[in-house]
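Worksheet: the structure to be examined is printed underneath.
Chain IDs A, B and C follow the sequence of writing; residue 1 opens each chain.
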Amino acid sequence: MGTLSGVILRGFGWRHAGRKRWAVRSVDLRIESGERVLLLGPSGAGKSTLLAALAGLLPEDSGEQEGTVEIDGLDPRKGRERVGIVFQDPESQLVMARCGDDVAFGLENRGVPAEEIWPRVDDALRRVGFPYHRDRPTAALSGGEQQRLALAGALALRPGLLLLDEPTANLDPAGATLVRSAVAGALDADTTLILVEHRVAEALPLVDRVVVLEAGGGVRADGSPEAVFRDHGDALAADGVWVPGRTVPPRRATTAPGDLLLTADRLGLPPRLAPTDLAVRAGEALAVLGPNGAGKSTLALLLGGLLPPGGGTLTASAPLAGRDARTPPHRWRAPALAARIGSVFQDPEHQFVTGTVFDELALGPRRTGRPEPEVRAVVDDLLARLRLGALAGANPYTLSGGEARRLSVATALATAPRLLICDEPTFGQDRRTWLELVDLFADLRDAGHGIVTVTHDAEFVAALADRQLTLARPAPAPGTPDGDRP
Amino acid sequence: MPAQGVRSTSSRAAVRSQPDAACVFSWFVFENWEQTMDNGNRWRTIDIVVASVIAVAFGVIFWAWNLVWSATEPAFAFFPPAQALIYGIWLVPAVLGGLVIRKPGASLYCELVAAILSALLGSQWASITIVQGLLQGVGAELAFAAFRYRSFRLPTAVLAGALTGLSAAIFDFVYWNKAYDLGSYRLPYALLTIVSATIVAGVGGWALTRSLANTGVLDRFPAGRERAAI
Amino acid sequence: MISIEPVAAPGAPLARRNPVAKLAAALLFSFILVATLDPVAPAIAIAVELALLPLFGVRYRVLARRAWPLLVSAAGILVTLVLFAAERSGRVLLEAGPVVVTSGVLLTALGLVLRTFAVALPGVIVFATTDATDLADALIQNAKAPARFAIGALAAFRLVPLLGQEWQAISMARRARGVDAGRNPIAKLRLFVSTAFVLLVGAIRRGTRLAVAMDARGFDAGTPRTVARRQRFTTADALLVAGAVALAAAALTASILLGTYRPLLG
């Protein structure tokens, strides 16, 4: 690893081209070589933009800059070989089809002599504890393994400054642990580290200093973790940061479950999901847990009437399905399905159909044949309940992660289904959106809706679920893709 | 990549005439990008990758087309003239690539990558697809070049659609349709191809670029910066 | 599922050849055959292609699976020719209203169908035996293709299986929103376009992030790249190209000598 890499920011600010708002502004910060810094701040405070600036990844023509950034006295755009960065999404930072080739990619770019490349690749893979041969296809790795590979790709270039931009946000708990232990094991004593991470408790063992950015610009707090959380813990928690040691009081059902809505009898889809029995009732929240590859997402699709079962049966009861109770849900016409079972997908963007937030919410009620004044009323109510009122005319794809998640839940609610099936609804959300989702789902449950949540989020389960179902991985067929993302 | 979808539904579409000239031309263009295209016309990494990704996404879209429309496939296969109507769909990437990337060679590159991908995916036309992709890319490329890569408005897009349709039609005319009757088949087929390409690839490609710009995904491109600051 | 993995046995003698050599051989072989419309030259070429198949490590079943849509195309050629043939020489075999089938029409159809197969198969065989990474490496090292473009395309190819899964997820998400088309072809087309649009938005988003990640690892550093995987163009590769030209030329010569040659142009 290189050494030095002291970082100095003086009044730094950046505004992306085409935006009125500054992404980050008035940041004065000095980070010495070898420091380990956790960078915090509310959503939209510009943490990722700051890391991109440090990595030299904000081209001059892509926005407007204020102040200066220096790494060892150089503009980061000119000293890029001193910096390595790992991003959040594994799928969009791996370049090559084979693991070894991917680590070699950076070395080739830097003109490392051919005979040195493979020893350095093997060395980097060893340092992150990569368990496979370098010929392994990158597509055959789990999310956690892919992030370890991305870390190896950054470390192979021997950066003095390592930047990690929420490297575990897209991973299940096991994958996240894998990546954090790889970071801990791979760092040299003189490597400078700057880490952005919502889940503070897990990140603390890696850092010795915490810097908090203010949403409107500037640095709100800077110091040891103890001092920062003592003085600013409450304000940070209110801003959506997962401050350690703050638990949420659980919201359990206050009444006994009502009508039986859906029954699965040996429901399965080989090789993705082993036969599964379950029953969902109105007025209860059921959490489906299990490791990656157990078929949780597949189960959500089957329960949502979106995939034909590969075995067993799925029966909807008369209170849910009315006169369609004899037909399995995957045979229902889409409008009838949407009025009975709402599905919320992992990626909110997959569900968007129209060009504005308003039309997005109006689509379901219009499809199910509601008159226009009624549609307006439903939409206005949802806009208010999910704090989307100011965005009614916005294009759904321009929303932030939290807004997009709230919209995708709202669209499922617009047709007032009795049953709601959610796949990792809290995935990658800050604490504020997370709390809103807990409250929203609890309110729905108490109003008599049935709720099934597929999730890795233990805290979410603790806060909301009345009942749990844990899936086991079906007998493994090596190399079989399982359609179950983190 | 015109036609690899069409190709899998039926026979025409694949074509070539003077393929060697096209290869040499494109190679010349690619080679010289690196040296001469500085000052604003040099391709940034994001230009290269997004152009490639557009091509790849269309490869997947054409694959899905064959899944979704497999029921109607035999109709097209047994009566090839019908497919001239939808010919333009296969030419969208050429126009879209040019409109989004706005750099010399973008149309050509998108079509070429899309064609190589379809060959790797197992298209039954394989190397023919590549030659054809190149030639059809040249059609759209000429339209953007005619405006010296400075206009990317609707009329330019329409011209790009028409020219890529024309290049497709000429090659079909010479290669695939040689043995058919001129008045009742070859000419109507060529005209339908051009009309379809003008409407679907030209107007459609332009509308698609605008819709994409509205989602914010083109913010790093001039095409995405034409909307008001938000 | 959608995949760009090669399907051949990797150790087969001709599959192992340099990808640029294989591609050049396929292209040249096809180009030469395009020159004629007669059935003899393509028939010889198809025989040669099928005979060489084991040397590429491709099983006949695999080839049949990839090439069967050509059969559908062949039927299309026949139908179109029966309806729209430019000349109807020879003996009249069938006459039903406007449909006049003559021996000349059938001979032309045979030529076109055989040509379709003869021209397409070499490419099918080559791409079935070629890995995308090897092809990009060879294009850069042996054909002087610009590295940034070849690697950029290769990086995008990695997204193919992912985008295939995404297509299915988006389709299911539409249904969950209450959007389906039933049997209405217009609604079906609209649904298709809207699904394709979401796919494209996601793909461009990914591509943008991927480009940033590539730059972070020095892709645009401007220093001359080195290569970790060496692709060599050997004498054997040159012989493969020469062999392809010679075989195609021989097929063409045979058709000229037999007097069946019918030039495409003129």
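The rule is short, and it goes like this: a contact is a pair of C-beta atoms (placed from the backbone, for glycine too) under 8 Å apart; a residue touches a chain by one contact, two chains touch by 3 or more.
Everything numeric here is computed off the predicted structure, so don't read it as measured data.
Counting C-beta pairs in contact, the pair that comes out ahead of the other among A-B and B-C is B-C.
Farthest from chain C in terms of Cα centroid separation is A. Spacing of chain A relative to chain C, judged by their CA centroids, is 39 angstrom. Look at where the CA atoms of chain A average out and do the same for chain B: the two points lie 36 Å apart.
Chain B and chain C have Cα centroids separated by 16 Å.
Within chain C, contacts with two or more other chains are made by residues 132, 155, 157, 159, 201, 206-207, 210, 212, 214-215, 219. In chain B, the residues that touch at least two other chains are 44, 211, 215, 217, 220. Within chain A, residues 397 each touch two or more of the remaining chains.
For chain C in complex with chain B, the residues that touch the partner chain are 2-4, 7, 23, 26-27, 30-31, 34, 37, 66-70, 72-77, 79-81, 83-86, 108, 112, 116, 119-120, 122-124, 126-128, 130, 132, 135, 144-146, 148-149, 152-153, 155-157, 159-160, 163-164, 167, 188, 192, 195-197, 199-201, 203-208, 210-212, 214-215, 219-220, 264-265.
Of all the residues in chain A, the ones that touch chain B in their complex are 16-20, 59, 62, 355, 395, 397-398. Considering their complex, residues 1, 131-133, 151, 154-155, 157-159, 161-162, 165-166, 169-170, 172-180, 182, 194, 198, 201-202, 206-207, 209-210, 212-219, 221, 223-230 of chain C touch chain A. Residues 7-12, 14, 16, 19-20, 27, 30-31, 33-34, 43-46, 48-57, 59-61, 63-65, 68, 73-74, 77-81, 109, 113, 116-117, 119-131, 174-175, 178-182, 184-185, 208, 211-212, 215, 217-218, 220 of chain B touch chain C in their complex. Per the touch definition, chain A reaches chain C in the complex via residues 52, 55, 57, 80-81, 83-85, 87, 89, 91-98, 101, 104-114, 117-118, 121, 138-139, 153-154, 157, 301, 304-307, 333-335, 337-339, 342-343, 345, 347, 349-353, 363-364, 367-368, 397, 411-412, 415, 481, 483.
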